[in-house]
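Next, two complexes with chain A in common: one pairs it with chain B, the other with chain C.
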Partner chain A sequence: MSPNTWVIEMPSQKSCSHPYPRRISPYRTPSLNRDAFTRDSPAAATSGPSTRSHNHPVFEDIRTILSVLKASGLMPIYEQVSNYEVGPPTKTNEFYSFFVRGVVHALTIFNVYSLFTPISAQLFYSYRETDNVNQWIELLLCILTYTLTVFVCARNTKSMLRIMNEILQLDEEVRKQFGANLNQNFGFSVKFLVGIAACQTYIIVLKIYAVDGVITPPSYILLAFYAVQNGLTATYIVFASALLRIVYIRFHFINQLLNGYTYGQQQKRKGGGGGGRRHRGNGQHHPTPNPAIMEHFPEDSLFIYRMHNKLLRIYKGINDCCNLILVSFLGYSFYTVTTNCYNLFVQITAKGMVSPNILQWCFAWLCLHVSLLALLSRSCGLTTREANATSQILSRVYASSREYQNIIDKFLTKSIKQEVQFTAYGFFAIDNSTLFKIFSAVTTYLVILIQFKQLEDSKVEDPEPDQT
Partner chain B sequence: MFRPSGSGFRQKLVGFTLKGALYGSWILGIFPFTYDSWTRKLHRSKWLIAYGLVLTTVLVALVWTNDTETETPMRMEVFHRNPLAEQVNGIHDIQSLFTVAFILLRGYWKSGDIERIFNELLDLQHRHFRHYPLEDCCSFDRFVVYKGVSVAVEFISMVILELGMSPNFSQQLLVGVTSLCLMLLGVLLGASHFHLAVVFIYRYVWIINRDLLRLANELADGKEVSSDRVDYLLGLYHRLLNINTRLSDIYDYQMVLVMASFLIANVMGIYFFIIYTISLHKDWDYMILFVIPQAMIINMFDFCLSIAVCDLAERTGRQTSTILKLFNDIEKLDKKLDRSITEFALFCSHRRLKFRHCGLFYVNYEMGFRMAITSFLYLLFLIQFDFWNL
Partner chain C sequence: MAREQSSEAAAVQPLLEQFQQLFFISKIVGILPQDLDKFRSRNVLEKSRNGMIYMLVTLVVYVLLYNVLIYSFGEEDRTLKASQSTLTFVIGLFLTYIGLIMMGTDQLTALRNQGRIGELYERIRHVDERLYQEKCVLDNSTIGRRIRIMLGMTIIFELSILLATYIKLVDYTQWMSVLWLVSAIPTFINTLDKIWFAVSLYALKERFEAINATLEELVATHEKFKLWLRGDQEAAAAPPLDSSQPPQYDSNLEYLYKELGGLDMGSIGKGSSMSGSGKNKVAPVAHSMNSFGEPIDPSDKAGNRNPMASNMVHESELGNAAKVEEKLNNLCQVHDEICEIGKAMNELWSYPILSLMAYGFLIFTAQLYFLYCATQFQSIPSLFRSAKNPLITVIALSYTSGKCVYLIYLSWKTSLASKRTGISLHKCGVVADDNLLYEIVNHLSLKLLNHSVDFSACGFFTLDMETLYGVSGGITSYLIILIQFNLAAQQAKEAIQTFSSLNDTAGLVGAATDMYNSSSTLHDLVTTTMLTPTG
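And then the complex of A and B:
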């Protein structure tokens, strides 16, 4: 049960999701399924017969990250049915993902075992007891997060495919209606992948250099798997951000379309670019072929409303898929940032025993996690803002006649106090403010930890008062 | 699809849980109503109120006179080591006693309102929702069963905790523990009345949502939909929201107290646990491994459940607005129908299905998360205050 589910538990979905034959739309596009709330809509509408063969793979923008996730069993290795549809994976591929997940769980059990037995003791070499405990907890949290990720991904295979299909279907409609191709360069995902890999390698090398004595094979396995787990969890976060970015582009597109109808834009067109206030509407794809006229507005607005509903549904779907993973990742990330800040503080304030190794280690972790947090909260914030901006833009639409006013009001009345949010299991909203909240929490806990340290020190220095 | 056999069992389980809650409440004297099956109405009974008052007084007196738990060696050890724990424990004891008394007295005091609300719910069920198929609402069944299980498990865990902490059994101890646990059961059942009422409201809202969705589907398929149906649903929705507001007004103090006592119990439990294991350097025996953790886990489960129910209802209320958005892109909408839907949308955006206790906070996951974080912070502060003793 996920908290943000849009799904209303419809009775016997199979029979209810298509109770009636599909409407034949009077205008250009075939109608979408309106059962936006039923649990499993059919994999993809068979409308829109794509006669062309698969000349380009779907989701090409994020294929690097997708291939990493597919190889690690986190994403299903789907089959491409057509340009705008993906199908479920073949038996062999499904078995491969299953096998990889099994190996991961086996390794996890082995690691937990070695964490709880003295096998891995040599990895915890620090000067003080608390540091070791912290690192130990960090490892355990990482294992937990990754295991949860694998479980959730395995459970959400179908809904992930459904989301992808919905995105593709939406793209197809946009292409049919406006001839626009909504692809964009997702260079950031590749950069992040490289960064994550480099960071993890660096951390492992640091760790290996820091351990004195010969490292036993179990410790090597533990370390390597730890790095892989960290890397894959981080990759998944990047993937979620990329998905959100995809949704953002779609939202942005319909907002641009609407923006073309706003008063300012109309004025500008009449006056030959006199306004110059809003440049967003004049993006690469020009919204309407004949800019000065509102005659397409009723038709376009219906399309836009439907797109908006679909996009919101996709947005919620992504949220439902990533809910638990995000919560555990944010918790893990918070813990890591806090302990590393604390370690840095201890290193800097300790007199005379600054170890460059630990400093580098802390900086590497901080960089990795802070950049991931920033990426995640930025993507969520952008998408949320764009989703909420639609009604703002719509309220500026220049509606000269009564008919248009009705169309606009129809949307606006239903959007009053209906802000969408990307939440972490309903616990808190993830947007730009999350970053701020996390850092204020880190500060609070840092202060508490430092206070504890001072108490501990004073306890060691003073003789114990009369205690039994 | 392959539900028939399973659903029968589930339905039976739900029915059994509801009946169990009803009879349990009657026996413990916290449900002072009699049901008249002819008029389908609940009536307040003075005799049941008197019975409840007498029973509770007897139980409190029994607990008071047979109070043996303070002498258990484990507690004495902890308290000797850590005087702060004793003080906090004292506060918690007083708070619990106050909670018990308050829940019962307020329940009797407001019984007239409660009667009206329950009668209205019965009326809604009989007049309007009887014709809808109800067996598909899985969350309803799940939450009812969870609640039943949680009350039962909480009772058992309390018995285990009390008996497990005292090494020597005596008749006095058994009497004291039994009456204490019965008192606790009364409180839990009293809280579960609110919980069950919320689940019922949730189910009705869910049915309204389903009907709205069906209307949207019909419209999309080009069928005619009369605006009366939307108006009818709006009327039902309005009544449900009214009931909800009144219900949370009646139960707000009780729920706040129960939540507070759960939170304090959890913080205290973990604190005791830390003192016992770390500062007293005890060996890991069955006490540490089983008795204390199970009590804490069950407490947390119950706390989460009480929040999850309210969150579920709130989410379902939000879904209504989202479903209404689906009416946006229907081209030729009848003027009258359009107006009805707009009215519904405006109503939804201005009045939400939300649970606000005493005007202090809304009950949902966000608040639950904050509460959990705050209790963790309090735990840290407690440990810091008493660091010298650790």
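And then the complex of A and C:
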């Protein structure tokens, strides 16, 4: 078997009429892969992708979140050219996105104006000056983050489409090669959407109840737009996490594929066939994939290397697209978490006047931001780990022939200095440790803030000011 | 299944054999739910329903006892700080209960992992067998000794802290003071659990070192072999030349001569290593210091090899590339397997380690801060009464920090040992000096590069010296912040007191007491521990 067969075959298969061009091999049945990577019903799993209609929407998994983003002008309303390609938006749709963005900017300007004039004064009813300033800054940060998001999204329309196309192309290749449909249930995105919407409505309702007197229309607009801004920023973060999750699934797929060739699996295969020297398979920790036949290694590995490279490019692309947004979101979220924790403590410690309204408000904010931070850092960390795992798994492949060893060496050498990371504009890498760092920083600030507040309180009560 | 295999590799004794006493104690105090009889008879950790129930019962009993302790000793605090704010209450509650949280994490994790821990030791046994096949025998008896030492130290520390505090600082005329004994339970249980982790980690480190030693031994025998070959060759011509350590310039010159003489070095394989032997004199120089900064002692190797070189017939495995490839491959696979075991172990213990680190950080900071408070004659919470005595504080701190630092240090050393294998492998390549072997070594060292074993606490931070540095920095800065604010609070308090002494009217005295309370919340921020909900 020539190792390059599939490369030659590839262009002729563009029409997708025949989904299994290469092999339906005895060891790797399609249903195996589908079991490993799909969570939909077994009936759909057996029917295979060929029965699906031609015009099923791409990115079906994250359809909901995409439609929200499209409607708000953050994502282009792309045209679906085929099952595995999306085209640029039509003129009217492009105009629509443009229009929405214009409206957003107009509203932003209006809001900033009303923030700096006494129109919105009634919204800052709070009992202390510093709290008002805090809320003010929070509002400004929110506006800044969202404006930045809109700008960056508008600028990155083309690259976003390119990334989507690359992902789709990759899917197509995988389907041709292995008949596997890399879909997964992205229920979390919908859950998060609902959660965000509920949280924002709740916060607005709380705010409206808290304000005494009649609320003027500009204040209503300010509040509503504030909620929308927050919600959309959060939605964008969820979208980025979902994209990362998509990449993660692809990485995971090739890792599983490669895992079939590792020595543990190979020994298991020999042992199953009736007697290798070492009859104990030591691969209890990788129970899922079937051991693959070593003869397929050259072609599979070539495919895997190509896929890995493409995935890395996609990963970088995603990172480039949401770099700035992530930085500003992390900053905003850090600020919000700190101030809300502080408010919470102040509320709890304030003797006698605990207002349930503010408590709920703080809790809602904390829940929203902490869960978003956790989601983001988790998906980044997972994807980074999976991307780095490929070379680790490959190092477990022990081939006897020199030729195979060279194949392995090439990839391992390439990946020596290739550090895969998801960074926030190069400032820091985002993974679980980021979460830890953010929370330790929040704790430190809280300790300092609370100490100062108590010092302040005791000074205020002190009638003699000259003691310093 | 274990029985069948034990006949095949009778010389490999299971690691768990050394854990007898530790398992017995852990079983009694309720850290491990596994079956005691099966462990005694067959050295396996198996799930057991009774053990689980027993463990849950002990957990509940400990929690109850601890709460009773907090309640009964909280009496003293209640009169002292009747007017504390809710914030200090919350933080104090957290400091009080962190020990209990840590113990609960340990026990619940052990319950969750009860099936998988046995599997882990089974995997270690497989590794031992494979190492045995590669003629690399491990001595587990040091581990048994280690366990005993650690157990002894734990008991000494716990007892000394407990007794010293009890005798010096607890009012032992009341029978309720016996409850103070309960305060040692969480730390004791936690330490026992960590001994399991530390010893298993140490066993992994030993296995890495055994692999390294095997590779080094290959190098050593090959050097002897070459020396023997050359000695044989040169014995007639110049006997004194090889009796001492060969001068380097000499062999370098020899190498140059050969190079200049047009001898194709590459084509001379290891099979005829007598002609290629001159080159390898470079090896001891190039490796007199490895990249970890440890000197490789060439002198004692030379001392060993010379007397033997003359009268023994040597065989070197490194001469036969095809044979050695198999061996190196196997060693690499075992290395990978050990790395995987390390990862699995880290995952099993990730939450306990996280809670231990949090506990260590908080308790260390709190204890030092309270020590400061005690020197300033301020009141400190009754559970931290050991801070009143500097000596007991030192013992308690060294106990807590010893636990954390030892774990971090061991994790760091283990990952260093795993990285050293690559260096040892390269020494093989250098000493054999054979194209074929070089290829193998290059290939395998690329693989070794990708075997990573890094220990971390839930991915939040890695356990290495850098983290230790960061943590100590964190403790210092928190201490400075706390002490500064404490000073400020003291100043404010003094100001109020002078003020109240100046205007000694009845109404103002009342106000001043209020102020006293509110300013004392400053240092109560961390100080306070116990309060009834009514407070």
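Things to note:
Just so we're on the same page, the second predicted complex is superposed on the first by the 382 of 468 C-alpha atoms of A that agree within 3 Å, B and C clash if a C-alpha of one lies under 4 Å from a C-alpha of the other, contacts with A are read in each partner's own complex, and residues count from 1 in each chain.
Operating definition for what follows: a contact is a pair of C-beta atoms (placed from the backbone, for glycine too) under 8 Å apart; a residue touches a chain by one contact, two chains touch by 3 or more.
Keep in mind that this is a model prediction, so the values were computed, not measured.
Looking at the shared chain after the overlay, A:Val447 reaches chain C, while chain B stays out of its contact range. Once chain A of one complex is fitted onto chain A of the other, the partner contacts of A:Leu455 extend to both chain B and chain C.
Legend: residue contacts after superposition of the two complexes on their common chain; A:Thr92 is shown touching neither chain B nor chain C.
Of the two partner chains placed by the overlay, neither chain B nor chain C lies in contact with A:Asn185.
In the superposition on chain A, A:Leu312 makes contact with chain B only, not with chain C. Once chain A of one complex is fitted onto chain A of the other, the partner contacts of A:Phe436 are limited to chain C, with no touch recorded for chain B.
By the touch criterion defined above, A:Lys417 lies against chain B but remains apart from chain C after alignment on the C-alpha atoms of chain A.
When the two complexes are overlaid on their common chain A, residue A:Gly381 makes contact with chain C while staying clear of chain B.
Once the two complexes are overlaid on the shared chain, A:Ile348 sits against chain C while remaining clear of chain B. Where the contact sets of chain A with chain B and with chain C meet, they give residues 409, 413, 415-416, 448, 451, 455, 459, 467. Residues 1, 81, 133, 136-139, 142, 206, 209-210, 213, 216-218, 220-223, 311, 315-316, 319, 321-329, 331, 338, 342, 345-346, 349-350, 364-366, 368-369, 380, 384, 387-389 of chain B are the ones touching chain A in the complex.
Interface residues of chain C facing chain A in the complex, by the touch rule stated above, are 5, 85-87, 90, 119, 123, 126, 130, 329, 332-333, 336-337, 340, 344, 439, 442-443, 446-452, 458-461, 474, 477-478, 481, 485, 488-489, 491-492, 495-496, 499, 514-515, 518-519, 521-522, 525.
Only residues 1, 3-6, 8-12, 14, 19-23, 26, 31, 34-37, 302-303, 305-306, 308-309, 312, 409-411, 413-418, 425-428, 448, 451-452, 455, 459, 465, 467-468 of chain A touch chain B when the two sit together in their complex.
Against chain C, in their complex, chain A makes its touches with residues 263, 278, 280, 282, 284-285, 345, 348-349, 351, 381, 391-392, 394-396, 398, 402, 405, 408-409, 412-413, 415-416, 431-433, 435-436, 440, 444, 447-448, 450-451, 454-455, 457-459, 461-464, 467.
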